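Alright, structures below, take your time with them.
Next come two complexes built around subunit A: one with subunit B, the other with subunit C.
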Partner chain A sequence: MKLGSRALLLILQNAPYLLFIVLLVVFGLMSDRFLALANFRNIIIQAAPIAILAIGMTFVLLTAQIDLSVGGSMYLTASVLALYLTGIPWPIGLAAVLVLAGAIGAVNGFVVTRFGIASFIVTLATLFILRGIAMYLSNTRTLMFEDQILTLNRATVLGIPSAIFAFLVVFAIAWVVLHQTPFGRQVYAVGGDPEAARKAGLPVSRIVFACFVIAGLCAGIGGFVSITQIGAVGPKYGDQIEFAAIAAAVLGGVSLFGGRGSVSGTVFGAILIKSVQNGLNIINADPYIYPLVTAAIIFLAVAIDGLRTRIIERLERRTIRPLAAE
Partner chain B sequence: MADGTMPLLEVEGLRKSFFGVTVLHDVGFSVKPGEALGLVGENGSGKSTSMNILGGVHQPDAGEMRLDGKPYAPADPKAAIAAGVAFIHQELNLFQNLSIAENLFVDAFPRRGGLLPLIDRKAISARTEAVLKEVDLHMKPSTEVARLSQGERQLVEIAKALSRNARLIIFDEPTTSLTRPEVERLFAIIERLKQRGIAIIYISHALEDVMATCETITVLRDGHLAGAGAAKDLSLQQIIAMMVGRSIDTIYPQRSGTTGTEVAFSVSGLTQPGVAENIGFDIKAGEIVGLAGLMGSGRSELARMIFGLDSFRSGRIEIGGKPLSEPTPVKAMEAGIAFLTEDRRGEGLLMDFTIAENTVLASLRDVAGAFGILDGGKIAKVSLEMASAMRLSTDKVGEVKVKHLSGGNQQKVVIGKWLRRQPKLFILDEPTRGIDVGAKQEVYRIINGLVERGSAVLLISSEIEELIGLSDRILTISRGEITGSFDRRPFDREAIMTAAAGLTARLEAAL
Partner chain C sequence: MTAVPPAQLARTAGPSAGMTRFIRPILSEYFVLVLCVLYVAAIYPFVPEIVTWGVWSNILSDMMPLLVVAIGQTFVLIVAGIDLSVTAIISMAAVVGASVMTGNGGYLGGSALAVPVAVLAMLIVGLGIGAINGLSVVKLNMPPFIVTLATRMFVAGAAIWYVTFHSTSSSIAGLPDAFTGFATGSLAGLPYTVIVAGLIAVAAHMLLSRTRYGRWIYAVGANPKAARVSGIPVERTILMTFLISGACASVAAMMYASRMQTGSPIAGENILLDVIGAVVIGGTSLFGGKGKIVWTVFGVLFLLILDTSMKLLGASLFAIYIIKGSVILLAAMMDTLRNRILTER
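Right after this comes the complex of A and B.
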């Protein structure tokens, strides 16, 4: 039984990769444009905003919390940029966006850690508050951005398209923070066993708070990259994107129960989701089928996570007598 | 170590009470560097409390502790660790999703020089490798703890203690989930720790292990010092005699009526790898069968499997002559099994609900009227009946919330709610834990009434006196196996204790 569980676990842990292969084969057979190199470059550019968002989400998920407000944060920061920060160089605009997005993350983190309210509730509330403020400020009009921001989309850094460059920088920083700094390892510790973390004297609240700030910052960056691609924001901007970000992380192996997963998996999950949408687009699928497919992917991701966690728990269950040799 | 060495740790006159109940009376002991002290006693004898005081978890009410001749009074676990006292709990405190090295340094990672706060991986690897060598664990420091066996995880805990320069290491039941080769390996490591001048306090129910590992032994009973001496001067029988004492309680009420002949409940071949091995027994109608086992022996797990809370691989359960296959709590209840869990706060009662609401919870269908809507009048009637049958302290069953009742009265509500169903088998797991003597007697009276009406009872208790006082028959369980069956009159207390500790065969050879 234990051996069977291990084999099943191996399959579940590699499910996204298997899914990706199936995807390549299916869309590849249906259209020869899908497997073209240029299309892959497109997929990654399209995936960049959601990947950045999902990287921030990974920090929060690792501590067994959740942040549903990132879409609202994107919409509000973009609206503020379009309404009040015109005529100044874009790097200053970006800095202002980051300050605002980071502050939103700090509010989430403060309420969650200080008052011990479930993050699901807190961030659901901030999601509606943020969207509400943005709609109020913009009178629900569609807001346009200046040319200096729109041209960023066509810019390249070291020959790399700007969106991909931004995404690579965020990914590299996140990877180093999670794997090479004391803070990153303590994030894993807190998510893996909060009680033991407290006993070991780790500043659990501070760590969880910091993760919400990071998720906020990533929402700001991801939102900015997305603006350069779209050029205008309306009331539907960033709507339900938090679920795509969570799905990307969970598909990539981040557990909703905390402590397991990594940003490399998350990035892969984001690319997987965008590939599906891109493939549907290329084969001219009915647009109404998109949400159904996305929903199916989210369901699959969460189901895999639940099953995976159950198996891990079973494998790690305490025994009171030695198991017979396997 | 030669005589005359200063003790590393001295404890004198330790006293502690919780909520007015004194659990430690003038307990004292000492350990020298390079020696091991074995601390033994039944559950509830005060071992854990003493160790929690040493580890900084609790503060003593009175008494003095000295480490290296200097006063030692840790305010919290961190202070204990800083003073060089490491506590290796039965439930290991490791992060399974981190590597061995990360577990050792998680609260204080050494950093590389430079502006960025990066972990010095080389340094933690090297230091981890060094301490792993000391505990004979040949694993890469980067190995994830989830991949290690129980025995290996324990060695990681020891390595953690060493990496913090511990001078005194407390082991709490270190061998319960280890295989024999792992146990031997652990003992070899403990010997090596002693040679390095580290003092050890070793708590275990496995008395043979204690005698083999420790230089001195201290026995506690009911929070009192029951005896102490050099291990080489003590025999196993002497230690057991000190542990169980000779006091005979008279609080157990007489029972009228006799045990029936009809088998009410039987289980055979119950097996779940790592938890239970081929467990089989039966209980007659009107019979109380006691289950004696140490903590972690599998006694509660057995009850949970019978009631369908945990799964098992194979085995057959019969209740009232009918098989109960693949039990779930719902099926078990329908078949006539009632289960009083050991954790009544966590599992047995809804604390924020009233007595009445709790009473009818296990028999909601009986108090429902037309269309399945609950009948308030019936609920009130049923719970009032329960309150008077149980001699509850209040009759305001619809108003008083369960959390406002005393422990004894809470226990009566839990039992009362199950009695409504007239169970064929009542499993009682620690029915009198944490309640005072008066309430205990009430509970005993209720249990007796239950069997007089023909129920079968499986009684699990850490208190051997209680088992002896109530049971018609006592089974002993150790490491998930039934190790003995004892009939009433006279119960041989020491033999039961011995069998519960899993010692029978070897003890007989020694006698």
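Right after this comes the complex of A and C.
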């Protein structure tokens, strides 16, 4: 019985990966195009913006906060780029986008930590405000971008497509920061138990603030990558994308209650979601069922995670009371 | 320190008399209502129409569906949950109800039973999705945010798909007069929708403040572990709040569908953030254990007065967005301030 539980636990622990393998097999059997190498490249290119966004979201979620404003930040920075940052080399434009996006994250972080308001409300409010400002600046028109930005989509760095390159850079930096630095350990400590972290002398407010800035920066980069892919932005740009980013993170094992998760898990979640959509596309599925399948997979992954927590609880209870009645 | 009577302690620690006069309205639970009145007074010189009956009957009819959804959301928020699926439930209930009763080839089109069965079907949709949400939270140990995010995505997608089987356009028209009369008709001068929403509000208020179940809800929201230890059926209590939220969303679907005279899969698509914003402006906490129906009524009222006055002023969409966001932020700051003063007393 005990062995059985442990085996079950092992399966549940790796459930998202098993789910991914099942998907690969199913789509692979239905179409031989799905498992082609070129298609994998496509999936990662498509997943890049949302993965970058979700990496930033991971930092915020790890401290048990949430950032609903990322879509608004994407829309505003894109509008500013299209309206005011024309005629200059794109790296300067990108730098300006990052400064603005980082500042938006700083505002979120400041209000959350200084006034002690729930981040759900703060970022909900800034989402409205950012979208409003972007609509004002753009007159709710669809904005086009310069050719130098559009051609970035086809550019490669060391033979790697630009979107994948940007994604890899962000991923590598985030991984190092989160898993190899004192700051990363502090993020986990704050999310695991803020009170204990405070008693241990950690600057909790400053860490939470930094995580919001990171989420803001990632929204800026993710937005820039997605601009190069779609070439124009309208009032619906980035709408509801915060939910997609949160879903990717949660699918990859990040807890909404803080302290648990990793950037590699998040990236995996983003790629899983895009693989599903890509696979459905390749097998010519009815477009109406895309959201249904995506939602079902998110649901399944989180349900399995909940089950896992429950089994761990049960296993731990047994070791505490070995003589308890059957 | 040993012999100081508590009353004296309170007096020395408490704010001065002038301060008290200033902060009493902030501390009162009618704070948002006071804010509504002040806002109307402030905006009156610019848009005198704000106090006319025509504008107010508009505010009321816009307010009712939002209010009903917000009441359901209040229950879920008090147990420290959240229901993001309400807008999807509205869409699904609207199209399912319409597919039953539409004159253009509905399941019961033209039959006398069409409307009652359609209403029943809409309620079942809401209760069913509410049950899935609630059971996933209590039985599968899933966070409410993710559960309802997933059901929202699924149900919203399913509602759009469902329409393709019943209509060549993107919504289901041809609803019978007996149903659309719900939005237009009135009893003794009061529109049906106002009566229904009023009854739901009163029932919800009684349930929360006068019954054992109401006390359970607060207890579960404030501290689920303590509630479980004291013998409260925590799982059943949480499940009930999601059922209530689902049923409320169904009623809102009836209001939207009868007013638009179609079952649209995007009915109420954009109200989610308004609903949660309104409940929180009212003062209900996202962390559970705190909230009242009266507060929610005021919160929804405030949001609608704001919305309506902006439209009367001819403000564009972007201004409405910016102001709405600022107001939500301001209300949250006020709430934090209020809590700080209350705990310091």
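Throughout what follows, the second predicted complex is superposed on the first by the 284 of 326 C-alpha atoms of A that agree within 3 Å, B and C clash if a C-alpha of one lies under 4 Å from a C-alpha of the other, contacts with A are read in each partner's own complex, and residues count from 1 in each chain.
One rule holds in what follows: a residue touches a chain if its C-beta (ideal position, glycine included) is under 8 Å from a C-beta of that chain, and two chains touch if they have at least 3 such contacts.
Computed from a prediction, not measured in an experiment: that's the story for all the values here.
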item: Touching partner for A:181 - first (subunit B), second (subunit C), both, neither; value: first
item: Touched partner set for A:288, first subunit B, second subunit C, both or neither; value: second
item: Which of subunit B and subunit C A:154 touches, first, second, both or neither; value: neither
item: Touching partner for A:116 - first (subunit B), second (subunit C), both, neither; value: second
item: Partner contacting more residues of subunit A (subunit B vs subunit C); value: C
item: First (subunit B), second (subunit C), both or neither touched by A:259; value: first
item: Doubly contacted subunit A residues - partners subunit C and subunit B; value: none
item: Complex contacts: residues of subunit A adjacent to subunit C; value: 111, 115-118, 120-122, 124-129, 131-136, 140, 243, 246-247, 250, 256-257, 286, 288-292, 294-296, 298-299, 302-303, 305-307, 309-310
item: Footprint of subunit A on subunit B - complex, ascending; value: 77-78, 91, 93-98, 102, 106-107, 109, 111, 116-119, 121, 146, 150, 176-180, 182, 273-275, 277, 296-298, 301, 313, 479-481
item: Subunit A-facing residues of subunit C, complex; value: 136, 140-143, 145-147, 149-154, 156-158, 160-161, 164, 273, 276-277, 280, 286-287, 316-326, 328-329, 332-333, 335-336
item: Subunit B contact footprint on subunit A (complex, rising order); value: 1-2, 176, 180-183, 185-186, 188-189, 191-193, 196-197, 199-202, 259-260, 312, 316-324
